[in-house]
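Paired with chain B in one complex and with chain C in the other, chain A is shared by the two complexes that follow.
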Partner chain A sequence: MKLSKLNSRFGNKGFIFSMDATFALIIVVFMLSMANIYVILGSQASSIDVQTNKYGDDIIKILDEQGTLQTLNQATINTAIQTLIPSNYDISISIKCKIYPAGTEQTVTAGSITPTDKDVFSGTRIFIIANADTTQEKYCSSRYWIWLK
Partner chain B sequence: MNKKAQLAMIDLMVAMGISLIMIAAIVISWNNIMNEINAKKGLDDMHIKLLQVSDVLISSYGTPSSWEKDVNNIESLGLATSDRILNTAKLTAASSLSTSIITSLLQLQSYKLIVDVKELDDTPLYQIRSTADSPSETVTLIVLNRLAMLENEVVKVKFTFWK
Partner chain C sequence: MKKGFAFTITFFTLAFLILTLSLFLYSFTASSSKRAVEISSLDRINTLSSSIETSAKEIFNSHSLITITSTEVDSITITENIPNDITSFNTAMQNFKTHIESSFTDTTLDLNPIKTTLPLLIYPNLILYNHDFANRNISIIPQELNLKGYTITITTSYSISSCDTVLTSGTFPIQLTATGSGSTSCSVPLTNIDATKPNMITIKSGGNKKTTLYFDNPQLLLIGNLDNSQITISTKIKLDQSGTFAQKTIFVTYPESILSMDIPQLNVKRRSTITLYP
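Now for the complex of A and B:
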């Protein structure tokens, strides 16, 4: 009864503008909320990334420095990894060597299996194994993958 | 009394109420986002600074290269003979440096740093401090663990960093 009188007095334009403004506000609030969530998630990730990356690089450097990588022995590398890696990390190492002058290849893997459902950080270290007796040289690339358990 | 005017007023009040609530939500949310961004930026700055300091200390030998023989003329601090190979003489000399000299050499400004060099079983070997204080429970603390070699043995280098 009164609605028709009000409609005739104010029309429907005001209602449409209010709806328009409300939708705009809802969209703005939603976008700000999403931005908020991403900012929080982003800040949590960065600190972990840095630590993990550096630790992986340190481990492969130590293994190289100790001569463990140069053994190309899976058991020896696994034992060394166990002494170096903290309990909350896990690592996988793959060493690929090209043997000269034979031209053959040798591959050694050590550590755990790289997960597919976690953030994994990777790096590479190059080294050469020279054998003076046989004049054989191995040009090796050791790649590591490290992640939080 | 004009009933049409009264209804229009209630409509206006409700609309204003909803608008104010929504605007308040936007302002609070925006403020929250800005606080988070500033906190993240501060934390990122701390991480970058700590990484730089840790790399300089465990990967460089400092300037001059034998600064440990004359601690009154140190230009930059480094604890290594080569990348991640620490030097006992440099560690001993750095451990005895004053907190103000370490703060100045590492350009820490308002940051505080404690470097602990330990064996793998956590036996302490050396400690280098830029402050005599320990971090309080309320500060944002960053701990970075690194690995290095010292006298052919693997050692842990723990960096505790705060502002």
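Now for the complex of A and C:
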């Protein structure tokens, strides 16, 4: 009885108002969602990538200048890595040394196993293990892979 | 009705603005990300290049039998034996070149400018320190009159009978101390010569000419060992550090860029020489 009285007084304005509000809400939610998606995509900071690479460069440079890489000893290199690397990063290092003209190759790996499900950054550094006898001199390439844990 | 229309227009304008701003932010970050990748790549190239340079310097220090030192801010001392055998240096550099070029196809190490005369360039005064290994000569060639003097110390394996001098007086200071076997020696105390004219000091053994030091314009010094007995020569070069050279650091490099990296993917071409001192 009351409902029919209200209907007769306001017609179907209430229904149209509700529909209008619903459509407006849908459009607002859609617009905000789109904006939010782009903001989130945009806020994935690339500076972190540069920083990760810099950490890798710095670590391999220190290991080289300390003479740790030149030991070609996995345990020694692992110990040095633990003291250098920030706790939220992990690193893997592969060293390949060659003697000329024999072409004899020596490979040493240190650090963690490189993950396949994370963004990994890499770089290379050259060093030599000098020897007065050039046939015993080692020419080495050390490659690192670094990632956020 | 008009109010509703105005409200809808305002709302759509605001929504469009928010969406546009978020797209701008996204596009800006995407381009920042691209720059970050480029920066990282350039960093990697720089790390590789500087480590190659460091290794080449280590080969020079280990195999060239040339020692570069500096005990004073305005002078540099280069010590080596004449004759000097650089076979070991050339072999080590060739091995290094093979290693680099086989590991990094974009990188080239050109040994041609250094393998015959092993030239060194002393900065900031641009003094060329060169060798003629076959004729057992060392030459120090300034580009202009920008030196403050030479102090030469020579140790020979032969006995020294005299140091004969033909010098023209001037304002350029030179000093020579020569020590030979059997406690023999001779010296030219601190003397000012005219460095724009020919001057000569000859170290003799029993009347025979053994080692010659020839000075000429502009402050050029040519040291020659006339026979095969090995002598050690230490040349302290005092640099003029006034005017344009004031407070500039002394360093020594190869005169030419021997390391080149050409990375077409990044449109990067890098040429560099090797810094040998400090």
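Please note the rule applied: the second predicted complex is superposed on the first by the 104 of 149 C-alpha atoms of A that agree within 3 Å, B and C clash if a C-alpha of one lies under 4 Å from a C-alpha of the other, contacts with A are read in each partner's own complex, and residues count from 1 in each chain.
Simple rule for what comes next: a contact is a pair of C-beta atoms (placed from the backbone, for glycine too) under 8 Å apart; a residue touches a chain by one contact, two chains touch by 3 or more.
Being a predicted model, the structure only gives us computed values, none of them experimental.
**Student:** Touch test for A:Y100: chain B only (first), chain C only (second), both, or neither?
**Tutor:** After superposition on chain A, A:Y100 lies in contact with chain C alone.
**Student:** I'd like to know which partner A:A35 touches here: chain B for first, chain C for second, both or neither.
**Tutor:** both
**Student:** Determine, under the contact definition given at the top, whether A:Y55 touches first (chain B), second (chain C), both, or neither.
**Tutor:** Touch status of A:Y55: first partner only.
**Student:** Could you tell me if A:E137 is touching chain B, chain C, both of them or neither one (first, second, both, neither)?
**Tutor:** In the superposed model, A:E137 contacts chain C only, not chain B.
**Student:** Touch check for A:I128: first (chain B), second (chain C), both, or neither?
**Tutor:** A:I128 contacts chain C only, not chain B.
**Student:** Classify the contacts of A:L84 with the two partner chains as first (chain B alone), second (chain C alone), both, or neither.
**Tutor:** first
**Student:** In the overlay, answer first, second, both or neither for which of chain B and chain C A:I27 touches.
**Tutor:** In the superposition, A:I27 contacts chain C only.
**Student:** Go through the superposed model and pick first if A:T116 touches only chain B, second if only chain C, both, or neither.
**Tutor:** A:T116 sits against neither chain B nor chain C.
**Student:** Taking the contacts chain A makes with chain B in one complex and with chain C in the other, which residues are shared?
**Tutor:** Shared contact residues on chain A (touching chain B in one complex, chain C in the other): 28, 32, 35-36, 39, 42-43, 46-47, 50, 54, 61.
**Student:** Mind pulling up the chain C residues that touch chain A in the complex?
**Tutor:** These residues of chain C touch chain A: 11, 15, 18-19, 21-23, 25-26, 28-30, 32-33, 35-37, 39-40, 43-44, 47-48, 51-52, 54-55, 58-59, 61-63, 88, 91-92, 95-96, 98-100, 103-104.
**Student:** Along chain A, where are the residues that touch chain B in the complex?
**Tutor:** Going through chain A, the ones touching chain B are 2, 5-6, 9-10, 18, 21-22, 25-26, 28-29, 32-33, 35-36, 39-40, 42-43, 46-47, 50-51, 54-55, 58-59, 61-62, 65-66, 83-84, 86.
**Student:** Flag every residue of chain A that touches chain C in the complex, lowest number first.
**Tutor:** So the residues of chain A in touch with chain C come to 24, 27-28, 31-32, 34-39, 41-44, 46-47, 49-50, 53-54, 57, 60-61, 64, 98, 100-101, 121-128, 130-132, 134, 137, 139, 141.
**Student:** Quick one: which bits of chain B touch chain A in the complex? Just the residue numbers, please.
**Tutor:** My answer: residues 3-4, 7-8, 15, 18-19, 22-23, 25-26, 29-30, 32-33, 36-37, 39-40, 43-44, 47, 51, 54, 83-85, 120, 142, 144-149, 154.
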